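In the two assemblies presented below, subunit A is common to both, partnered first by subunit B and then by subunit C.
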Partner chain A sequence: MSGKKKTLLKVIILGDSGVGKTSLMQRFVDDKFSQQYKATIGADFLRKDLTLDNNKQVTLQIWDTAGQERFQSLGVAFYRGADCCILCFDVTNEKSLNNLTSWKDEFLVQSNISNPQDFPFIIIGNKIDVDDSKKIPSLQKKLNNIVNQLAVNANGLTYPVFETSAKDAINVQAAFEVVAKMALQQEEINDANANDASDDYNDAINIHLESEQRGCC
Partner chain B sequence: MSKKKQEMSQVYLGTSNEFVFGELGGKGKHLSSFLKNLSLTSTSRKSKNLGEDVNSSIYGNMQYGRVLGEELGNGSGGVGGGGSDELLSSPGSPKLRPKLVGRSISMGTSFAFSGSHGDDSTSINLGGGSSGSSQSGVGNNGGPYKHSNLSSSSHLKSHRTHSNTFYKDLDADWDADLNDVRNKKLTSVKQKDNNNNDPSNKSRNSLSLVDSFHPEIGMVSSLPSLPKRKDEKISSASKKQSLDHEDHRAQLEVAKQNQLNSKYSKFYKILKPGNTIDINELRKLSWNGIPQDLRALIWQLLLGYLPTNKLRQSSTLTRKRQEYNEGLRVLTIDFDDVKTTSNTSSSSLINNKDRQIYHQINIDVKRTNPSIKLYGDPQVQKSLRKILYLWAIRHPASGYVQGINDLVTPFFHIFLHNYIWQVQKKAEAMNNPLKESDYEGLFIPGILDENDEIEAQFLKDPQLIHTTLNSLDTSKISPRAWSVIEADTYWSLTRLLETITDNYIHEQPGILRLVGELRDLISKIDLELSKHFEHEGIEYIQFAFRWMNCLLMRELSLDLVVRMWDTYLSETPLGFSHFHIYVCAAFLIKFSGDLKERDFQEILLFLQKPPTASWKEKDIEMMLSEAFIWQSLYKDASAHLRS
Partner chain C sequence: MPLDVIKEIPYPNSLRGILISLSMTSNYSNLAIVANRTNYDIIDIRQIRKIPLFQYSPLPLNRTKPFMIAYKAFDSGKEEYLLTVKSDESMSMAMIINSLGDVTRGTLSWVDVGYPTGGIVVKGAFVYGIFTNKERGTSKLVVSSLRDLIVISKENISDLFADQLAGTEDVKEEVQEEVQEEVHEEGHEEVHEEVHEEVHEEVQEEVNEEVHEEVHEEVHEEVQEEVQEEVQEEVQEEVQEEVQEEVQEEVQEEVQEEVHEEVRQEEPQQKEQRPLPIIKLGKSQCIMAPDDDVSQLLLKVNLKDDTTLVENPPLYMVTHNDVLTFYNDNSIWIMAEEDNLMEIQSQMQLFFDNNNNNNLEFILRVKNYMKSQAVSSNIYVYCLHIVFLSYLYLHNYDNAIQIALSTAEPSGELLISSSLVFYLCDIEPPGEENALTFKGIQTFLIRVKGAFQNEHFFKDYCRAGYKQLDYKASSVLRFPVYNSFHSSSEILAFIDEEDGHIWKDFEKYPQNMDIFNELQAKSYFLAVIYISELARKDPMLSTERRSFFELTIIRTSLDLMSTRCRDLSMESVIQDKKYSMNLTQKVLDILPELGDLKEYLNALLELIELSPPEGIEFIKKHNDPHKQTIHKHIMDVLALKKNHSFDFGAIRLEFLENSFLEDSGNRSLAYELLQELTKKISTDFDLEIIKNNFEIIRATFNLECSLEYTIWPKVGWIDYLIIQSGKSEISDFIIGYVKVFELLLITNSKEEEGPILDLSMFDYLTLVSNTKEPVSSKVAELLQINDFSTAEFYAIHGTFPSPLKPFYLKGDSWRKEPSPLLENVQFNLQQILQYYLKNLPDQHSSLEHTRHFVLTYGTQFFSPAEMLGMLPDYTPIAFVVSYIDKCIIGLNIKHEDTSIRKSLAKARLRQLQQLESVFKTSGDP
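Presenting the complex of A and B:
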């Protein structure tokens, strides 16, 4: 593999509006936190270079999506070619936890993933910095239920769960390292598939945009 | 200053869709920059010449108005005499205005300097033309420093003497009458300045920007009409030959004021006389930007919310505002509920779907314009929640969609500003009853209410005159006034969104269509960029979705958006849909050079945070002009677009 570029990994973060997706991203990418984020419209793009344990250099291309349901029809343009999907909820908002299932389903429908049973998801519960009194009552139990429910169709996979605070920088880096590893694994599978089809693209984005997007107008 | 220089270069939509570059002077320059832009190079345009600078910042930098206003005061204060506020009422007078203003500035500034350095008085004289030279002549009769001594030895006396001498000379060729009323009030200001011997005041008094609440209207109406005098004219033209730095600045100031005045007078001619406002003329004029204090009124006219028939205005607005209040009354939501989670709701009366809408609005209002202090205010946030929620409930096909919270803010901002402005002007008029008529026809009906006790307090508030949207204490505004501001905002927002309904309904087909149109347009205008995007795998939806959903409000500061909307609102049909595409194209192509150097990731990162922080109104105006050109080139050629 001569002139090898860093591996590009495409990651999507989904979840209800206001659970802190943008804050998580900013904490991870720039290690900062602000109260001043505006609501994300459509999706924002972020990039972060990482070196994994095995000295492997990767670049994460992250799409930070808008949480409002109305924007879900946009998914097609952003989800395609993803290597990993983060499902995000707010530990103080039970509805955002319950909605994870529909976020996952929506993602699988729109991303047109070839191996949905094997596709890596990761669950992040954000805002653990807030008072316990404000958190969802018996959170662990409910969380377990949801996670089991999410994995019900998966090939014996368990989806990793992280509880984070973007505000206090708790667990964010750790979560994204796992994201990167999972994405890399997925990308290698994709690559293998792509090579089988004697397709020599090595850019995850290009593969899918070029091959599937044309002809819509 | 010759009239032709005061003419703004104009590019406007004529009835026949023509491109008008004006006749003379600086217009050629604009033509050439358009042509330059047509060649698709994105160059940074620096204003090489005074005229361009002046043109571009007429509406934005309202601080200047204050300086002028005060200094005009100084000027007319010393003269004394009878007369009427002729300039505003007489149609023949606008011709005189720029000339007079120029002179007034010269006069006022040198007054301010009279205690400090003699040179200063000579350095500020540019705008007034020949009268400027006579002015320096006066100060120099006894030499600058001598004069300074005089005024410091006996302030009041020297002030009086000085002003008289001063005006005698200046008045040599003035040809209008004096506004007596104004003088009385402003003499005191003048005294203050005169008594000031500290050289450090020089800069403050001269061209520094005085923080104030956009008093241009006051300034215009206070243009002094000056008495004819047959005094000798002293010339010391030699003094003025060298244009030092301050000269240049002064010249800029004067030119700016002249531009502003002539702009105002054009709007007055449309707004004031008769019972019906000529909306086409108004559109034509507003396309190039609306002065801040007239903006609320004109926006409402352009939106069709405020009737052009003045006899119907008051009753229409009363009815609409009532309708808004009735709409709110039937809602069972508690707008004071600001809990961020939707787990619990204080009101069990509303159904789950409506609660969800309220929740979404609530969390979005909290993060609306977070960098502007006003939008952190609980009262402001409550108003926005009411407006947005009512709109969402009344428009179930789309409901509330994120981004509409951005679109509501320009209206809210401008209408709240207008309220404060009206209160300020009314307070001014109460101190000076003869002035009131100046604003007739410029106040939106029903904004102020004599029976509003909280408003009565606000009118007497000593802080009122210094109040800006940034320093506003929202508790000083009565619930009645909030409700009026909200209602006007609500209806204006409704009107805007009517033109782009399909942007926000299920699957947002409007936005998808607009993004597609933008892509097609770019492939016509800038094929290279188009190819580069394709090569890098960039899809327009990845960056332009937000441009359509929030009408570029995420890319530009609120002030610039407001200027942009002057033009959008002057387009027929309103420019939020179709014209916006051409603006987006102009916006994208501004960065074409940069973008062609970048790869997929860098392009997206760049477009997510385009470098517009330093943009001024002139950048926006250039962009709008380019958009206009492209619209006229491609508008009816969509068949060709699809090649």
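Presenting the complex of A and C:
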């Protein structure tokens, strides 16, 4: 019998359609890659067990979401209870980089995170294997801008950035290890906060109030 | 059931809702999943609050009907809720959440089929949805897998019935039967059905949900929508009312079911080849509910033309054994679940009827079918039974066992109850529990029971089961497993492999004692011993149990050693080096622990008889004071038994000796030792040979210690013997002799009757033992045999001296008190002196002995006058003077009165005068 229960950490991958969210997850969990693009509809998750440096055993539950807008709107259900969020862009697609801010905001709005400024995000620029000519011109500069912009709320500290290739398995493992560590930290904070109010529904809305307000309108 | 509104919760624009945990028996629910026009929410009824979930329809105005399906997950067994979500006109999804609103699986997505307006059912690992395309007027049945979250089949419903049209007449009777036999299982599960019917117009209706116990809340649903489901069919058959009709019409209805039973599935693998026989409409069988009989009576009939007046013909729905029947006054539709199970059932019958013994195909088919069922659902379990029985019927026991041992996850319970197997094998099940099984397999059970030979099957089943299952599930098999063994060696091997830990935890499992008793009753003695040893390792074992097992080990071991009992495995187990079955060792190990002294005694006694060297060794090692009496008793008993091969006399002697050395004041012990010793002397030695040697020693003593030799001190007879024993051939005898002597000295004082050793060589000992003889005669006898030292000692003390190097008489503790001086010491000593003087060959030697005597006893026992008076005239002056000086010194020290001093002085004077005359007569200067 194993003594301690493994900690389950919920991780969400967000980003524009086609940036390689599904590919990153599959590379990390199953070490597989497919050239073929099949848009994710709704969301799905995979699990992976990890042992961190401090010998701590964790299970990552990685939620891969749809980048396409028409498959969204379900956010709140998936985001609930997330311990870390991966913001993903494609190094050949400038728009996907620029959209990171709105992905982050969307996540914070929907997820009902109690301390948004402390919530761990990580930024992944995927597809670095492609030819430099195809990459966003002066990527680093633009990336820095975005990263600084994203971090405005985060006490001035910037979020970690990883440049990866799901195709060639570059940096994927490393990125997810950092994700796991950040998620674990977040989970521990959540646990500590959850001690006093053991309510499963922290995002509940009192209906009395709601109806009264409506009543007077 | 009247409903009370006890709480009203404002939830505007609500459409429908379900209570969470409907199928959970223990708790009524405080939570409901509800939908308003756009969103799903969870409502906490107790705390009156809302937990928002998500939007299910992108456009509020576009009427989308929300579906919230509660079901038990095929894998986790936990309740889950499938909520449908419309993405756009062509696409939809389903979210799967738990009662906390957390997403438990990925989304199911339906691309290009629209939204499941016709309803959704979850059954096992599959989701069935009716997707209706309004424009094209077609409906599709889409089957998706919850396991892989993919669509596995899409069929046009009209196609599904194509093949149905052909053979409807033939199947009529069959169906009739089926309807009756129709799956009785899962009757215990709640069946929730909601049927929404909308004919011609939109209807507002309230759906009341009833929970068995208490309805806490009425969930108001306003269903205001139009749902079109087209069911096209052609039915051609007879109905009860003798109405033969062709029905080909559109029925607008919506059936939303939460029935755990209703739909049959298709093998995912076979999706291409076979259409899904999902809903067989058109097989008519009217099932009239009582109400409808009544309504028949109440129908209005036009007396003029004999026609029945139909006002607004209603559509009825009746359920019977999970068969749904819809009818109005001129049409009938029936939704019977013709589950594949029925097909399997009839194939099973065939299988049994024309048994060609390699028909595994049927079993494969059943197994395949099972894959589509939720594990541990009733249908699944039913099929498992069928497979099991089929294997048995084919005498394929290995597979049968494997099937019989399938368990439910995660409870670990057997899906095929062991009592069924017991029943099949005609073995009385150990528990009192009811043996319930499916009605559908009853007839097969009887046939299987008659057909298979169960000898090995049952045994193997129990053992395999016991091996595989956790204790809870397997405990009923444990007794039969032990019952199935035919030898101790089998049992030992089994315990070693499987069951050791249970025995070591003896107290925790009440069964242990029963099994133990059974094994004992069956004479598996080695197993009994082995188990007892394991049980002793249980730290929680009660004291009584502990001693019980200790005793069992000892008794059983001794029983086996003595061959009072036999265990046929004995040889094989001993040869198998794995087990230490050294029974003697086992007894030796546990004996010291044994608290019950009587048992201890008996066990040890027997052990010594069976295995003397070890037993004796044991006694020597464990001869602590409180066991001594027992050990002594053992020796006594053993000594009485003559017919043993071992020399218990010697052992007893040794034992007594040791005991006596520890407790040398114990005279009765000394007496017993004496008895044993004399017995040993008379039995152990060839006394004829001894006698010769002994006489030689005696003769030498006589010579060496005769008065001719004037050197004092003279060695006594006993010490002489001891000195001689070192070089003698009969040293053992001598030692015994001396020991007897010592013991006689001790026992003497107790006046016990001494042993009679009637040979002449024991004369001396007789002398010692004879206490009645007066001192003087004893002294005389001692003098006679030249034992002068002893005689002198005896004369003073009235007893014999202990040897210089005694065996037993270490210290003086053996004497009650320090030997007192006798009253007539003077007389006795005088007697000795006279003997010396009389028996001497010449004056010279006489003088030497006198000198010894005077110097040794002169001052202590005699006054100078008495002493001098005893001396012969020829005593030399110098010798006398030195004696007198000694006396004067002694007196001076003591300050004796002057008269004595004067008389001494006179005596001296007289001696000097004598000296003078001697000089004169001799003429020497």
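In this section, the second predicted complex is superposed on the first by the 191 of 217 C-alpha atoms of A that agree within 3 Å, B and C clash if a C-alpha of one lies under 4 Å from a C-alpha of the other, contacts with A are read in each partner's own complex, and residues count from 1 in each chain.
In this text, a residue touches a chain if its C-beta (ideal position, glycine included) is under 8 Å from a C-beta of that chain, and two chains touch if they have at least 3 such contacts.
These figures come from a predicted structure and were not determined experimentally.
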*Check whether A:Arg47 is in contact with subunit B, with subunit C, with both or with neither, and answer first, second, both or neither.*
first
A:Phe78 in the overlay: touching subunit B, subunit C, both, or neither? Say first, second, both or neither. both
Touching A:Asn93 in the superposition: subunit B (first), subunit C (second), both, neither?
first
Of the two partners subunit B and subunit C, more of subunit A gets touched by chain B
| Which superposed partner A:Ser17 touches (first subunit B, second subunit C, both, neither) | first
Exercise for review: Return first, second, both or neither, reflecting whether A:Asp191 touches subunit B, subunit C, both chains, or no partner chain.
Suggested key: neither
Between subunit B (first) and subunit C (second), which does A:Lys38 come into contact with in this model arrangement: first, second, both, or neither?
first
On subunit A, the footprints of subunit B and subunit C overlap at residues 41-45, 70-71, 73-74, 77-78, 203, 205-206, 210
Listed in rising order, subunit A residues that touch subunit B in their complex are 17-18, 35-47, 59, 61, 66, 68, 70-71, 73-74, 77-78, 90, 92-95, 134, 203, 205-206, 209-210, 213, 217
Subunit C partner, complex, touching residues on subunit A are 41-45, 70-71, 73-78, 80-81, 200-201, 203-208, 210-211, 214
Within the complex, subunit A is touched by subunit B residues 340-343, 360, 363-364, 367-368, 370-371, 399, 401-403, 405-406, 504, 506-508, 516, 537, 539, 541-542, 545-546, 549-550, 554, 600-601, 604-605, 608, 642
Within their complex, subunit C touches subunit A through residues 9-12, 42-44, 47-55, 58, 85, 87-88, 91, 93, 95, 97, 100-103, 105-109, 111, 149
